[in-house]
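First chain A sits with chain B, and in the next complex the same chain sits with chain C.
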Partner chain A sequence: MSTAATTETKPAAPAIEKIKVKVDGREIEVPRLIADWSGKLTPTTMIQACELAKTDVPHYCWHPKLPISGNCRMCLVEFGTPALGPDRKPVMNPDGTPKIAKSPRPAIACATPISPGMEIYTKTPAVKQMREGVLESLLINHPLDCPICDQAGECKLQEYSVDYGQSQSRFVEAKVHKPKAVDLGPRIMLDAERCILCTRCIRFTRDVAHDDALGIINRGSYNTIATFPGMPFDNNYTLNTVDVCPVGALTSKDFRFQMRAWFLKETKSVCTSCATGCSILIGSREEKIYRYTPRDNDAVNASWMCDAGRLNYKWIGRADRLKDVLVRGQKSTWTAALNEVSDKLKQAPAGSVAIIASARQTNEELWLLSKLKAKLGAVSDSIARIGAADKLLVCDDKNPNFNGARLTGMCFTEAGINLAQIANGIEQGKITTLIVFGENLVKHGVSAKVLGEKETISEVVEQHSLTAELLAKLDTLIVSDILPNETTKLAHYVLPGCAHAEKRGTFTNTDGRVQKFMKAVEAPGDARAEWEFLHDLVHNVTGQNRFVTIEGLFNQMAKEVSAFNGLTWQALGDTGVTVQI
Partner chain B sequence: MAQEYKLILKHADAPGYTPDIECYLRQGGYDALKKALAIQPKDLADGKKLSGPEQIREDVKVSGLRGRGGAGFSCGLKWSFVDRKSGKPIYLICNADESEPGTFKDRQIIHKDPHQLIEGMIISCFANDVKLAYIYIRGEMPEGAKILNQALKEARAKNFLGKNILGTGYDLEMHVHRGAGAYICGEETGLIESLEGKRPYPRIKPPYFPAILGLWMCPTIVNNVETLCNVKHIVTMGGAEFAKLGTPNNTGTRIVSLSGHVKRPGYYEIEVGKATLRELLYDKNFGGGLRDGRQLKAIIPGGSSSKVLKAGEKFKLKKKDAEGKEILVETDMLDLPYDFDSLAQAGTMSGSSAIIVMDDSVDIVKALANLSEFYAHESCGQCTPCREGSLWMNKTLQRLTHGEGRASDADYLGKIADNIPGGRTICAFGEACSWPVQSFLAKFKDEFVAKGAADEDRRAKEVSAPEQKQLEAAHH
Partner chain C sequence: MSFQPTSELEAEVSELISHYPVKRAASLMVLHAIQEQFGWISSDAVQWTAKKLELQPINVFEILTFYPMLRQEPQGKYAIKVCRTLSCALGGAYELHQHFCAKLGLDAHKHGPQTTKDGKFTVEFVECLASCGTAPVMMVGEKFYEGVSHQKADEIVGGCQ
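Up next is the complex of A and B:
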């Protein structure tokens, strides 16, 4: 079973010819072709060569994941190519090196392909002067309202001004005034005066989101970003334009004026709103989450995430979070509750326990549950969440870890096929103990009779016959959840759990990408990471070893679950590893 | 004495000449097309064959024809860059956007002799395996568009256009597309974007060279109206004969638009380089001299984008002496032969061959402010240096011409202009808007400084007058 299932699924890259170029006098070898914004192999550009040479070329309009437009001119560099004689052969210097013909005109590094023997000069006085010129031009009509700008601290204009700007502007004319708070759409505000017209936002929505919603109106210095009249900028990816905007022109209505960017702590995490599992950063301060932003991960989400996922964080800070351990409605302690539950489970006759796991739990948690399941001979399942998919990122599976639930054996190729059996078991009194994680059964519970009358699969996919009446028949209902609901109300034991932002763990996305996420904020009250208390429970019930750390837990799981064989917590890195699913 | 030489305008202004096809046919119209279509494949020494179209392309190279739109680039060479192996269709576009201030030559052809253009285009299309061509005409020329559409209809009816042209199996369709009123649509890649229905943002080169990735990302030829008309005459005369017109490397004729302070402004067709600026301004065949009692101050020699020439300026021109050796000859600006290379040697260009004459009544600062306003209005605003620089220069010049100047504005303006040209921008508009400023400043700096200084003086007095009163009041 331990054959390496953990292979990167990328096809072996074809051998690409390398060519030698010089960047500021340093020779490096770079591939002749590099993947462009869309992943297509295209001739390597100067800016890519400079990046490989670890030489920074300042840029505004260029973005590795957007088509090239070449409009800001910040990346202008000087260059030369080997001089050719009349015989089209390279001309040599007396010392045998090829003579370089320096181009009389500069070139934009972002769009100019390299050629063998090319020399790129990024630090000459002329280059410095051109950058200063561009920066001065960008600043003359800029409002310079950094103190009240949301981009401050993350602004490329601020950053390069420090590096290339003149401390005193020569500009003595009246500035061009443009609209300051334009409502572009339900989630986006535009400050047209701050806009440097780099067109990143236009290219993103046109070429990546395939919604040609933004454009430029007017001419020359009066150019302004706009939507079509009466057509708000409203697709499920609009907030990515805020990320690509190099200045503070586009702001998220959700985030604007909420928090200065430099106060935010950024934690690497994963979005849990669908099975794509976009890599994200959680921006938080003092145990409060302020925003999610996408994090680069070419195997999952490139540099993007959907608006729905991005804005789905507020529930984590809800005031009515489950904060207390409850035993039959009374506030209790973890030790007392876990001891009681452990005793019950140890005494439970084989087959009398059922487990409903959640595909929103982590791989580690699901694996721990599978240990209980094995020991207790329990029936188990989980609940499907199906919605609409799109062509870019959004997956129709709204659970972040269905693959994890499946690979750990907590459910089967189709979630929910055991639910009827569990309902029957309860009905017939065979199943007397039910463990439920993160699923509000009552919400989707309808009587078996009604269920039987439904005709289409889509109508029943999230439904089952585990109704409140049925749950009331149980001797023991153990529920762990994050927010209170009808099911937690019925529970004999309520074990308050954590949002992913409050713990560490891993998910396996729809393509089998195993990604880890880190803890951004503390959980409220007595709420505890599920893997921690599950681990105690498993130890109590099965006598298995304790794995005190998440690393140890993951690595042990990787040894035991065949799909994860060969993985280590460490090797997952920031962007994860794809396993065969 | 220099003479007009009417090749392109041979018929346009002839009495009784009308733009309809019957009139054109009576003057031997479409004979060149028939000749072109009938060219037989030629056997080469190495056993290969040169097709008719290939022979025309060769002949255009031999003719030395240079583009009449502005840059003066070799037409034959441009055609040779076309990617003929891509498997994609090749398009030809006639640039009839004629918007460069001072230029009014293409419209003469379009309004008066549209079939000459269409015939030149059909031959050019045939020579380049083009099946679909466009005439992109300036939006402000609705009458021209109407005339061209009518002419296309007539040409179609006679099967000079359409399927199986004159029974040769060659198909070609041609459409007129009207611009919407932007100068930048004359820049060939801006034009292509506009033709594709987009904002006319010029494209970056590399990678979007029209000959490779032009209209709809297919190989595309963009030529000026006058350039394409010349192709007809190259076929009629033969490239070698054509090359005898004009001067070496500056072959053929050019229609010069002459405007400003001369007695006889208008358009004049000359053999390239066969008339000097002096002749064009002063000869009675051409400008007929300045207004009485006026002295020449400056000439803008090649459309408003070209660098200004100051009266009395001297240049060292390369000439060949009796033994054929290259020598430098000091030449007064008025004695510059009006051609591509001499004007380039004088640090300017013949551009769209539009000469704007300014006599000593001209306030040079106001003249530049006028041009600058045009460029600030026409910058497409895509790239930073031109977008911000063009308006900045204009604001400065408007200030300077509205009593708000400073003596230091000349240097200030120069620094702004220096940040725009030389490959810093996406298209040559960057040069077009900054060259006038740079050259006016280089040659007339004292006038800019004086104007600013006078403003400063006046403002100082305006401020001091009330202060003076206050002082006096305090003493009483």
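Up next is the complex of A and C:
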């Protein structure tokens, strides 16, 4: 196993010729070709050059991850190119600079390629006037219902109205009324009056999700986004259209009318619904999570995430969360429980302890468990979750951190191969202490109940023989989990843990991308982040130093686990680092 | 699918598709062919067309809803098309349209083509029929009438059996 850690996911592309252009009088060098929405190299457009020059060009229909459409006209800019004389040689100014022939007409920056020596003007009075004109035109039939619109606060129409809008509409005629609250599909609602027909949603579902379900029907003023009657917009990526919609036309049925966007605290995190580990933002307010939205990460999920993962957050706020430390069913304190557990583990004879970790735990927690495992000479394993994959983002491995469990040595190339050995050990009385993290063993043992559980979206196919009767034979059953289940009921020690949104840590995704996630909300009751109490436990049992911070813990793990060598918490950045797996 | 194309239609559509470099380009011609035969284009017909052209139904539906000449509802046996472009509008096209609607029990203020309950007549406005000198002009099916007075209109309706 190589120990090299790289920030690049692909080998460096061959060098691309650079050309010089001027944006608002400032000369910059930009590559002649640049990756388009699909990653293919295409001639750099003016809007991309402006972006590289850190000059904002307002736009609605253009999206870096969607094909160019060029219908909103908001990105109109003026430009000029070096003038050529009759001899096809550049004409020079008296001061020796090339003479620029300004184009008599503006061009849309999103679809016009740059050429050497081109000058782009984004701040001229004419450009300002054009933006004002386009905006006024887009607002003619817009209902201007921002106070009741879900998009308010993250709406491009609002933002550009501040810059280019008028305080009063000049439109005195009757507005065109179009359908409102149109049920496009199980998760999407359309307000056709707010729509500016930028076609981002159509292009997304056609070209990215490969489900050509949306189109523009009718004609002229009555144009509206629609599905074919009787064919609801229902693929696993529909909610991305809500993200790409620059206005309040497409809204998520799950999020609409729940919370104003400006109240949400946005926390950088990682989706845990499968091993892809899409980068996400958690929108929360007052310790309640309201939504997940995808966060740009070209090494993992581009700008997208699946609907199933996006909506899989409600269990975090469930009322029946484990909130108390329980010792044999009685409410206890962390200090008391951890001391008792530490003493038991210290006295446990070698080989009498087994650890079943979860591949839903973080790298740091799994590494701490591996310390316990080494000290106690324990058998360890994890539980596989296998479901259906798709071609875009969804991975068949429904554990977010199976690679982490593998790299820290808590399980092997296949999860679950040691479970039979653990079951036999308990049966024969060799294993008397079992530590379980985040897995409901009884559920996995009893197949009939598997599909009835709605705790996760994953379909669990792993079966084994760790039944309730078997677990009852144990002298000590230490269970840490987030939600109550059959295993926590049987446990002698229940240590309430945290959802990923309630702690910090890192996951290693299916491609070996190590990504960190931040804490969005507080854990309920006495629940504590697993790494916090695990390092206490590891300290008590092995005498290893405590780590007060997750940074220190991660950096120490990176030193000791060969796959993570060279990583630091800081170097992970927002989008993570890919390691050799 | 309840849409039952005849073998002639199938043959015609295959022929139409063969005229174009990509199948999608034949969309409009295929819809015309279907309308020619059935008088209108049902939802099932759209799905059948989409399948023929290797498209999604929404792609065909976009075209169908764009052109008013393509019908999403069955038409009356007699399609009365009243021109309302400038010359005819000045020559009394709106009054003529109103007259038809009153006579046939239809609402003249409703948008788009309207069909009588018995399915016999469909009345609608159309744009220029290219006979501006003899306004108001109209068509019934493929038959063309010029200088239509209300009396002549009554005769035309009376002649429709």
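In the analysis below, the second predicted complex is superposed on the first by the 557 of 581 C-alpha atoms of A that agree within 3 Å, B and C clash if a C-alpha of one lies under 4 Å from a C-alpha of the other, contacts with A are read in each partner's own complex, and residues count from 1 in each chain.
Quick note on the criterion: a contact is a pair of C-beta atoms (placed from the backbone, for glycine too) under 8 Å apart; a residue touches a chain by one contact, two chains touch by 3 or more.
Only a predicted model underlies this, so the values are computations on that prediction, with no experimental measurement involved.
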Touched partner set for A:Ala226, first chain B, second chain C, both or neither: second
Chain touching more of chain A, residue-wise (chain B, chain C): B
Chain B versus chain C as contact partner of A:Ala378, first or second or both or neither: neither
Touched partner set for A:Ile216, first chain B, second chain C, both or neither: both
Touched partner set for A:Leu76, first chain B, second chain C, both or neither: first
Contacts of A:Ala174 with chain B and chain C, given as first, second, both or neither: first
Footprint overlap on chain A, where chain B in one structure and chain C in the other make contact: 215-216, 218-219
Contact set on chain B toward chain A in their complex: 182, 199, 204, 206-207, 376-385, 387-392, 395-396, 399, 412, 415, 419, 422-426
Chain A-facing residues of chain C, complex: 43, 46-47, 55-59, 61-62, 65-68
Chain C contact footprint on chain A (complex, rising order): 212-219, 226-231
Chain A residues within the chain B interface of the complex: 68-74, 76, 105-108, 111-113, 130, 133-134, 136-138, 140-141, 170-174, 176, 196-197, 215-216, 218-223
